[in-house]
Each structure stands twice: as C-alpha cells, then as structure tokens.
Amino acid sequence: IRTGMPEVIFGKGKTTEQILGIAERLLERASNVLVTRTNEEVAGRMKALYPEAEYFPACGALRVWRDRTMHGKGPLAVISAGTTDMPVALEAVVTAEVMGNDVDQIHDVGVAGIHRLFGNLDRITKARVIVVCAGMEGALPSAVGGLVSCPVIAVPTSVGYGASFHGLAALLGMLNSCASNVSVVNIDNGFGGGYVASLINRL
Amino acid sequence: IRTGMPEVIFGKGKTTEQILGIAERLLERASNVLVTRTNEEVAGRMKALYPEAEYFPACGALRVWRDRTMHGKGPLAVISAGTTDMPVALEAVVTAEVMGNDVDQIHDVGVAGIHRLFGNLDRITKARVIVVCAGMEGALPSAVGGLVSCPVIAVPTSVGYGASFHGLAALLGMLNSCASNVSVVNIDNGFGGGYVASLINRL
Amino acid sequence: IRTGMPEVIFGKGKTTEQILGIAERLLERASNVLVTRTNEEVAGRMKALYPEAEYFPACGALRVWRDRTMHGKGPLAVISAGTTDMPVALEAVVTAEVMGNDVDQIHDVGVAGIHRLFGNLDRITKARVIVVCAGMEGALPSAVGGLVSCPVIAVPTSVGYGASFHGLAALLGMLNSCASNVSVVNIDNGFGGGYVASLINRL
Amino acid sequence: IRTGMPEVIFGKGKTTEQILGIAERLLERASNVLVTRTNEEVAGRMKALYPEAEYFPACGALRVWRDRTMHGKGPLAVISAGTTDMPVALEAVVTAEVMGNDVDQIHDVGVAGIHRLFGNLDRITKARVIVVCAGMEGALPSAVGGLVSCPVIAVPTSVGYGASFHGLAALLGMLNSCASNVSVVNIDNGFGGGYVASLINRL
Amino acid sequence: IRTGMPEVIFGKGKTTEQILGIAERLLERASNVLVTRTNEEVAGRMKALYPEAEYFPACGALRVWRDRTMHGKGPLAVISAGTTDMPVALEAVVTAEVMGNDVDQIHDVGVAGIHRLFGNLDRITKARVIVVCAGMEGALPSAVGGLVSCPVIAVPTSVGYGASFHGLAALLGMLNSCASNVSVVNIDNGFGGGYVASLINRL
Amino acid sequence: IRTGMPEVIFGKGKTTEQILGIAERLLERASNVLVTRTNEEVAGRMKALYPEAEYFPACGALRVWRDRTMHGKGPLAVISAGTTDMPVALEAVVTAEVMGNDVDQIHDVGVAGIHRLFGNLDRITKARVIVVCAGMEGALPSAVGGLVSCPVIAVPTSVGYGASFHGLAALLGMLNSCASNVSVVNIDNGFGGGYVASLINRL
Amino acid sequence: IRTGMPEVIFGKGKTTEQILGIAERLLERASNVLVTRTNEEVAGRMKALYPEAEYFPACGALRVWRDRTMHGKGPLAVISAGTTDMPVALEAVVTAEVMGNDVDQIHDVGVAGIHRLFGNLDRITKARVIVVCAGMEGALPSAVGGLVSCPVIAVPTSVGYGASFHGLAALLGMLNSCASNVSVVNIDNGFGGGYVASLINRL
Amino acid sequence: IRTGMPEVIFGKGKTTEQILGIAERLLERASNVLVTRTNEEVAGRMKALYPEAEYFPACGALRVWRDRTMHGKGPLAVISAGTTDMPVALEAVVTAEVMGNDVDQIHDVGVAGIHRLFGNLDRITKARVIVVCAGMEGALPSAVGGLVSCPVIAVPTSVGYGASFHGLAALLGMLNSCASNVSVVNIDNGFGGGYVASLINRL
C-alpha cells in the first residue's frame, strides 16, 4: 500500500556498520532510501557503494533517490524563520523530495521582519501543504497559518538559548497556535514535518 | 477561498451576550457556525433564536449546521482510547461534521486492550485521515499510526491523574511517536484535531 | 522625586478593611490612587467614600484619578491579541491613564489575522512606547516589535488551556522574541506593563 | 536470606582502583559479582585478575558469573522497542542472567510496527515476568501489559531527542499506563528492571 | 487465563448511570467487581441492588466481593508513612483483598520516626510482597526496601504542600530509590500498587 | 527611521564565512556593526579587513564603531551582581556604547553585600535608564528598582549551579520583582538589555 | 531529650474528630500542643475543652501554651516582605513562641523598599537567629543574610501570581542565595522555619 | 563581628589570575582563606606562594588554614549516603574545619542499608549540629532528622541519573522532609552546608 515511500533509517545511535547493513538490505528491494542524523563517515562509505547517494552535511541526511516519480499533487512549501533553522528545514526538504514532491523553499522570513514573509505571499498561498520551521519564540507557523487555508505542519527547532530551553518555548508556542490549521511534530523533527506533509500532498 | 468553512467561536472566557452577539452577526452571512467550550445557558438562548441549533453537553459544543454539503473526499475516522476521552473526541466529531465530513467513530480502543483496535482494522484502514484522542500515556496514536499510511492527527487529553500532569504525559508521548505519520495539536483540542483533519480530507 | 506617580495598592490577598484603611491614608496626601485585583465590595465601599472612584470590573481595578496632568510625551499604545486578553490589557490602560498618558487602544489583532494588525499600522508606528498583551502562543509582541523601532513591553496572559500551562507558553515565547526591542513582565501583569511604559513615556 | 544474589557495584563515579578494590573484596566470599556502568579499562584489569569475567561494551556491564544455579521458576522475558534501546535491555539481560534466570530476549518490537510484537505472542505469553525497555513515547509496556496477565516491569530509556526530554516522555507514559500490571523503574535503569523481575521470578 | 481477577471500573469521570450500567453487566458473569474513585451516590445505588456491596468512603472504593478464594501464596503487606497517606493505602488494601490476598496493614511508620518501622520488623520481613505508600519526601520505600529482599511496589501520594508539587517530590524520590527491589506506580495509584502486588503474590 | 542604529549579527550558529559575508555587505552602507556570540577566528579575520574592529573576548562581541554620535539623552548605567556576571554585563555595555550611549559601569554590587550598592547610590540615581545583570537568585534588579524611579531592564544570567537551573531561578525572580519599574529579557541576553535601554535613552 | 518541645499536629487532611482525639491524648502528658493548618471548627471545639487554647485565624494555627518557660538564649527575629506574607510569618511566630522564644516581629520590609529594612537594622543585627518569609522573587533572605552573621532560615511563600508558580520562584531564589548563612525550608512552611530557628536558639 | 570567619572565594568561573589576585589581597589581612570549586593549576600556584595551602582534589577545595582556633562548641557531624556523595561531603568538612570545628565524618550510611546508620547512632546523637549529604532519593536527612533533636542541614547532591534530574529529586525530597529539624541548601552546596552548620555551632 505504501508505494513510492522511501525506506528510512534513523541514524542517531547506530554504528556505521549497522547503518550500512540495514541500507544494503533495504536497497535490494527499495528504490529510495533516506538516512537521517548520520555523518561524513557513513556518507563516504555509502557513496563508495552507491555513487548516486547524496549527502547533506548541514543536517546529516543521506539519500539514495533512484525512483523520482512525483507523488505530490501540488507545490509543497518549506518555510523557515532564521538561517540557524536551516538544518531542520533542509531535513524536511530532503524528505519531501525523496517522497516525490516539488518543494518550494522560502527561508529567513521570521515574524520580526514580517514584510519578508509578505514579499513571498503568492508562493505561500500557492502551496497545497506547508512545513514551517522556527526556533526561539516559534511564532512563524501562526503567522503563516493565518495567511493560508491549507494544512500547516509546524516544526519547532532547538535554535536559541536561555529561556528557549532547547526548543521548549517554540514547541509550546506552536501547540498554542491561534491558527486552526496548524499541527505540530517533535522539536528538530524536520523529517517528521516533511513526511507528514508528503502524505497529505498525495491525497 | 475558504468556501464551506464554518465560522467558529471559542466560547471559553466570553460572556453569553458576547457569544450571542458574535453568532448573530456571523449567521447573517454564514450558513454554518460552531461554538466550542460553551454552556447550557448559551445553548438555550441560541436555540430560542435558531431552532436548528444543536448542543452537545458532553463537550460544550453548539452547532448551527445549515449547509450540509459534503467536502471530505473519503471517510474521516475519529478514534478514542477510553470512555473518559469521549468529550474531546466528540468535539472533533462535531467539528469534522460541520466541515462536511462523513465521520466514522471508533471508541474505547485503548492500547491496553489492543484486540479491540484490531477488531476495527478494516474501518481504520479505510479512513483517508484519522483523528486519535487519548489521555494517560497517549500511546494510541503510535499504534494506529503504525497500522495505516494516511495522516494521523493526535489529540492528547487531560484525562488521568497524578503523573499525567493534566495531559502533559500524553502530549509528550505523542510528540515522540515513533510512527512517522503523526502530528499533534494542543491538549484537549478536539476542535483542532477535527479542523486539521477536515482540511486534509478536502485535498 | 516621583511627582505625578499614583499610589498603588495590590488588592489580592488583602481584606476589604485593609484596602480601605491603606487607601484612606494614602488619599490624605496623594491625588491619585490605584487599587489592582480588587472586587465589587471594595469598589462599593470606596465609591461611598470617594464618589469620583472608578471601578473596572473586567480587570478588578479601582481608580481615584484627581490630578489628570499629562506626563506622557507622546501616544502610548496598548495592543491586545484576543478578546479574552482584554482584562489584562485593560489593567495596563487604567494604569497608564492614571499615570498621565494618552492611551491608544488597539484590540483583537492577533497574529493569526495579521491583516488586522496591518490595518492599524499608522497608529502603531505613531506610538512612543507600546504595551502588547497576548496569551496562547504569545507571538504578537514579536510581530509588533518588528514593525516599530520604539520600546515594546510584552505582557503574557494566562489565556489558553492545555499546553499554555497558565501563560508559560506565552511567557517563554516573549522572552525568546527575535525582535530586539521587546522586554517582558510577569504573566497577567497588565499593571507592570502599563507602569513601565508610563515611566518610559515620561523620559 | 539473599542466597544466590550477586554482589553489585554501581560503577559510575567510581575510579578504576575503587572498583577493583571493592570487586576483589567481594569476590573473596561471593560467587557472582556484577559491575554496572563501567568501562574498557576496568574490564581489562578485571579480566587479567579473573579470566572468567565477561564485559558487555554496549551497556558497560561487567560480570563474574561462577555460580550458575537457576533461581527463576519460569521464563523471564526482556523486550525492547528499538535498536537504540538495546543497551538498556542488555543491562537487564545481564542482570537477570547473573541472578539465575533463563532470559528470553525479544527486540525491535515497538508499537509503530505492532505486527512484530504479535509475531512473538507465544513467547510473550509464556513468560512468568517481563521487563520492557522503551524510549521515545514509551508505549510498549502498555501494549505488552494488555496482552499478558503477568507482572510487567517498565524501563523508560533516554533514547530520543527534543520533547523526549532525556527519557521524561517515556517515563511519564509508563507511569500513566492504562495496563494495571505495569510498574516502573528509573530512566535507563536496565539493572533495576532485571533485578526486580528476578526477585519476582524466584517467588 | 485471568481466573480470580476482579472486574475493575475506574469511576473518575463516569456518571452514576454509566457506572451502574457497567457494573450490572459485569456482575452477570463476574463474581467480584471493584469500582475505584467513586462516591456516596453510586455506593447507595449499588447497595440497593447488591446488598453485599461494601463502600470505603476514605478512598472512594466500592467492592462486590463474592468469591473470596485466596490466591495469594503468602502475606501481602501494605505499609503507609502518615495518616494522610491512608486513603491511598486503603485503595491498595481493598484491591489486594478482592484479588484474594491476606493483607497485613502497617500504618504511620514514616522515616522520621524510624523506630516505629523497626517495631514492625517481623511483620515486614514475613511479607512475600510489599506495597509502600508515602507522600512528602517519599523516603519510606527505600527504607523498607533495604530491610527486605522481596519486591516492593512504591506508591507516591499527593500528600504534602509547596515543593511536594502534588506528589512529584515523592514520585522522583521513589524512582531514584537506592534500594534495588523497588518499582513504582503512578501518584495516588493505590489500586495499581495493590494490583501489581497481587499478581506477584500469585506466582 | 532607525538612524544611528547599528546593524547587528547574531553570531551563534553561523560559520565564519557566513558572518564575514554578512558583515561586509552591511558595512558597505552602515557605519556601525555589532556581532554578538562570535569567536577569536572571526575577530582575527574581521580585524584584517577592518582594523578599527574591536573584539571583546570575555563576551564574544565584535564591534565596528565608526559613527560615534551620542544618541542617549543621559547616563545609561549597567550594573552587575558578581564578577561571573561580567560577560553578560559587558555584552550590554558594548551594545549600549555602539548605540550611542555614555555608559556608567557598576560591578560586583550583589544584594548580599548591599552596602556596596549603597556606596554607588548617587551614580545609580543619576542614570536615565539602568540595565541590571544578575545570576543565582537574581535579586539585584528588585533592590535597584526600589532605589530609583527610572526604568530598569533586568538581565538574568546563567551564572550559578544546582537549583539555579541555568538561569531559571534568576529569570523567575526578576519576573516576580516587587519593584514596578522592572522588565526582563532572556537569560544571558546582555545584548537585549543594552538594546532596549538604548532605545529608551533616545526618547 | 526533647524537654520543652511542644507536641505538634499537622491539621491538614485530618478530620475534626481525629485532631481532637490526638490533641486530647497528647495533652494528658504534654504541657504545650500546637496544631497547624486547622480551622474555626476545630478551634471552637478545642476552646470548649481547653479554655486557654488560642486560635490564629490568619494562619490556621491553634495553640495550647501552658508551660511558658523561655528556652531561647537570645532574640529570635521573624521578618516578612509584604503584608500577604503575614500568614506564613505568623505560623513561624506562633511556633517559635510556643517553643519558648522571645520573638521580634519585623514586617513589610521587602527589598523594593529597602530603606524600611535599614530602618530596623539594630533589631535585625541584635537577633541570634532569623526567620525570613518572602514570596514573589524571594530576595529578602539574601539582603538580610548579607547584613547579619547569624543563621537565617528562609521560608518561601506562595504569595504572587503568574511566573511565581505557587512559590517556586521564591524557593529557587532562596536556594541560590549568594548569602552563605541562608538555609531554606518548604514553601509556606512557617512552622518549619520557626521550629528550626527555635532549635538553633536553644544551643 | 565575624571574628574567626575565613575569607571565601568561589572559584568557578574565575581565571587563575583572578583567584590568585583575590587570595593574595585577602591573605594580607586574613589568617584563613578557602577557595571552592577550583583546580590543580590554581592549587599549584597557591602552594608555591603559600606552602601551608592544602588542596582537596576530590572536591576542588583549596585551604590556607593558619588560625586553628576552635569556635565550635561541640561535635559537628558530616554524614553522607554513598561513596559518590563524598566530594560534596568533603567540601562541607573542609569548610567546617577551617571555620573552627571538630568534624566527625560518617560516610556510606544511605537509607537502603539503614543498619549502617544505626551502627553509628551514638556518634550521631552526640553531634551538636549535623550536615547530611545525599543524592538520588535524598532520604537520609529525614532518617537522621528523626533520630536526633539538633538542627540538620541537608545538602542534596547531583549524584544519580535519569529521573534524579541532576539533584532535583534529592532537593525536593529534602524540602518535603517530614522531620521538622531539617533545612536545606542548594544542590551540591557542601560549602553552604558546612558554613551554616558552623555558624550554628558557634552559638
């Protein structure tokens, strides 16, 4: 039933050998494999075996993307608030692409400079589903949610310091969003944001 | 752009007069109005003015549902874990219905009696999008999420006592779901769950 | 040194007799007295003694405002996100007025309907100092802060439920504001917001 | 009274010399000694002195297991949710074995792939007492608890990130388990889980 | 497989009619039924229908105990720290009795008067399994755990004020117990403590 | 409208190349640039390009301060409690200076040696606006706030250990200040404190 | 060994009959009995039996104080910050008196009006041991601690709102006191403060 | 007034040069100086200048103890629960000694082996004041407090893992102690414990 879904390996806490072993086994039957939270060493070993493998050092994602059939029925936007939220946004982008989406990336449009958000209003309203990544006060999903009528997946990031409490402030902000079209995934879970958005975009 | 969307009033913290005033103004131009977190008094006053108004005392929702056009493209399931989670689930049901969905309700299927969940497997796998309401340990969305490939909106409830910390345990559980298709709304936010699921089901 | 400052009584936790006793003593030498967090009973007793006393039931503030000299050097704006944030905003307004300010009130302009905020842009940018009251995700101070270059005092409110944790979500959001001109007072402390803004507006 | 109990040294925060000193003293009169949370260096030194010592690098446990009398009256199962929970599960296994149990290990059966749990139903229902190790949402003990009628000891692990808050999410989930046969030990306390289960299995 | 197990209804959050309905249905086929967290009204209605029903107002438990077969293989002790912990201890006692145990109750033996605990040493060491209920600092399970070699089920209670944070202090204390034979259930969950202990005592 | 404002780069989480790129672009049109939370490497590279750049290793701030026009209308004081709070205080000083203020620094005047605070009373009362940096119990802003009638910006620091919880104790203390003229910024946010105070001092 | 110690009953959570029963039993052999956290009803019943009983409605303490021997070797001061902290301070006073101390009460001397504290410097420095009660930011013990060299027992109170989190802010502040002579008891535990200070004053 | 008090330097966060500078200045007029939380480097430099300096690597304390007059009026006991609590206990010992006390050390007497505590009953009851250091569940101060009638200063330690939350569990336990003679200092604050106890022992 899950045709066109990539196989996914959560790299954190696994050894290089474990990841390679699982990846090899999966790639015997799957076209596409995504490894999240991995590192240069795994990337090097994988590229030696699968030259088509792409590694994204900013977020630690590794992708073997052979079957590039589009499954998304419209544009999927990934929006981020600040440049330090980019790694999380990138994880969402890499995930959504390997799941067959045409991803429109809009970065550095946090609420304290809300004119930049408005400068992209047409791209934002064109999206069929949106992933919004933001740290610190996590206000961007509410602002975006109020501008569109499509579903918004909010991804709090651990960007910040002090009373951000490693993403807790952003998480709580997003859960209390006064925009009704917002739902939330775990702190720094760009993968989850991209995955849920991709499922929605297939419908 | 938001055709077929009901107008919604969040009743908590508003006086009877405030709610009635807003409702009357909205009903001049909108077919459907939903009031959440309200009470018998408001319900009585509304029914006197709009005999078609329905009140759901278990969750405090009040609905004027005139335009019953279906907007959902498939079955939308609302699943709950225990009988005390029913009020939150009901808020999701009332919301999803007034937004034009055919809602399939599956209750009392918590993970500690997982055979009851399996006894409803065909209904669950048939859904195009699912809302799952659970308190205490909040494990049901993960179990459901693992059985289906559609999007699952998890609604933690404040049901429980002691270390449930008013729904915090369930909320954290759902945010950490190992099922990739799960996203989460605020504790007891049945409305949010039903709303997001309805948006998805229109796509 | 504090000419034109009202005397202030924090009413919560004081008996009617205690408040009346303190107020009488203060009014012998002070023109203006403000009582916060008090009730109808105190208000009735005070009005019997001081007919000019005004009571604001929505926020429980009571004011004897005899010396109405203006001390503010420009417009002081009080902005609130939702109608349920009004009591906190009102405490700020009542405080700022009794401290000699011309207060411009802008309500119901939360970030999920950001066009309403923009519709008031001229009033907002005209202010010399701004108090912003918001509950739930507390995103409004960041949005306002990004639109103006004057100081913004953010007042988180306990409005919300579930993961708002009685105002904690809004508080953390405001402390992590990506707008540099924002500082924060305690949850529901409309008085503090109005007071700090009034001090600034005298400079 | 505690015949057949191993002597246990909690290695964390002790120097190599301290651990060796305690171990030598204990091994003069005890057949079996278990050191938890230790390292390669201690392991090397111990093996030089006691060639029969076994070291388990994945969890840092070190065991001198001379008296292998069985004390458990039936199978003791150790179940884990994901591969990253393995170190904690292994600490439970090593403990239960050195306390004289026949341990049945069932790994990688988290609730998001609940069919894998069901594929082991006969082994699970055969157990006289069960230790369940899970991180993230910590839902597995509830699912297992609902399938069996024997006591289940739940061990939350610190596996996860973001809103797992170093195992807090799993801990709260397990404490709120809707399965009545579940009790809980500290986060990552595989030793405690194996120990309590072993005591129960002797009865 | 669960012969001799009572049927249990969690009364909190259920209406009188709901509880009576479930109880009647269950009592058609079950000998024993336990309702926890219920009230005088339910108790009165139940006694009218089932004269053998016993109600325990101190903890809100209601019991129909017809089949009084003993299933416990030895004495099950329920120990509590202070008189205000008694309601939780009583819930454990009522549960353990209806599950077929001979319960030895030892109350008011908190660690600040540790001689009272020692005065009961023979009864404590005779037990096959022990439930320990304590609020405030929750130290009693560690003290008891150190005196016996049988399993100890710790039940933190919400007794206390201030920094007890509704039982959190006791809960954390018990989870960090330096006695290895201690496992823990939810705050105020006397039922869970009695249930787990009863399961263990059948082995 | 923001004449005389420096351009500010938040260095944390940015690469050396990113910071240099942004700084160069900004310095084409801006006289003054401030980089916070940066390091020796960036400082070296910047000094090579802009010999007038100053680096403050104690707090990681880097400043290009060409236009030294005074904008502050009176003395701006930066007060700190202990020597370990100095880095945060320094960030405030560097910020306030580059924004055109005459900064009066008063250090090591924590409340446990309150005579040192009083020894500086004339300097403190002369200030037009005050930034107060304190860790541990964060009591200094209340004491200062009670001595002056000007606005006080409180900056909690993460100095301390144990129950300071990385600045949470100081933050909560400051938010609950019984001095009405106190508002608060994020933990360790010396920049924010200096910035808000500078805005106020321009009025 | 504890000559001159009163017998103490913690009234919270006990029925009137329970308290009366314990009190009567204790008064057969003890001269002095203190009941904390009780109410008018108990007070009335006690006064009927023991006309010398004194009831303190502001804090709910009830005292039978027959043996008025002084045990304190010098003045014991009880200091409070605001009028709403008085109930907790009163509990400390009542306790210290019944334990044989000459209590010097100094109220309403919070740090925001630090001149009031200094106005009492001679009384404060004369004390042999000091209890300091304060809510909100809990800064008073640090200020007092810095002025004296005797032991200071800090009692955080739950006075405040919002980010005081029911006394947590004051508690954390006091635990992080930069004055070395400060130790802390539970939130609102005036009894504990008075008790510890009395023990110290006997030495 | 503070005759016989050492000068104290809190080493954490200070550079070697800063500590040496302060120490030299203090030693010109003070007989005794204590530096806490410092390191080998500082110790080496200090010993070169002051050969009588003693360094305690287990807790990082450094002491110049020239004036060894006894100020304590009786034995001061320092008790610890486990071997890993020793560093904190040692800080208390070093502090109490340099403040002129005869310190009786009793280690490794945690509540789970309560017979070891009882084996030292005569030493414990002989003490005039007691410092108790414990991590994990922090139960030892309650047990000790119940055995003696002198003041007990409880020092929670950060020893433990998981739900000890870096000493929070022990801290909360001690604040909720059911022994009335217990007061508490910050987590790991052995210095504070020794200091307060020394002040008391002078009385």
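Read from first to last, the chains carry the letters A, B, C, D, E, F, G and H; within each, the first residue is number 1.
The definition used in the following text is that a contact is a pair of C-beta atoms (placed from the backbone, for glycine too) under 8 Å apart; a residue touches a chain by one contact, two chains touch by 3 or more.
Fair warning: this is a prediction, and the values are worked out from it, not measured in the lab.
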Inset, instruction - Pick out whichever of the two, B-D or B-C, is joined by more C-beta pairs in contact. - result: B-D
Inset, instruction - Compute the centre of every chain as the mean of its C-alpha atoms, then state which one is farthest from the centre of subunit E. - result: F
Legend entry - Distance from subunit E to subunit A - Cα centre to Cα centre, in angstrom: 47
Legend entry - Averaged-CA centre spacing for the pair subunit D and subunit A, given as whole angstrom: 36
Legend entry - Distance from the mean Cα position of subunit G to that of subunit F, given in whole angstrom: 40
Legend entry - Where subunit A touches two or more other chains, by residue: 162-164, 168, 171, 175-176, 186-187
Legend entry - Every chain pair meeting the contact rule: A-B, A-C, A-D, A-F, B-C, B-D, B-E, C-F, C-G, D-E, D-H, E-G, E-H, F-G, F-H, G-H
Inset, instruction - Quick one: which bits of subunit B touch subunit D in the complex? Just the residue numbers, please. - result: 81-82, 110-114, 136-139, 142-143, 145-147, 160, 162-165, 168-170, 172-179
Legend entry - Interface residues, subunit G side, partner subunit H - complex: 1-2, 5, 8, 73, 128-129, 149-151, 153, 171, 175-176, 180-187, 191-192, 195-196, 199-201, 203
Inset, instruction - Provide the residue numbers of subunit C that touch subunit B in the complex, in ascending order. - result: 83-84, 159, 161-164
Inset, instruction - Using the touch definition up top, name the residues of subunit A that touch subunit D in the complex. - result: 12-14, 18, 156, 158, 166-168, 171, 186-189
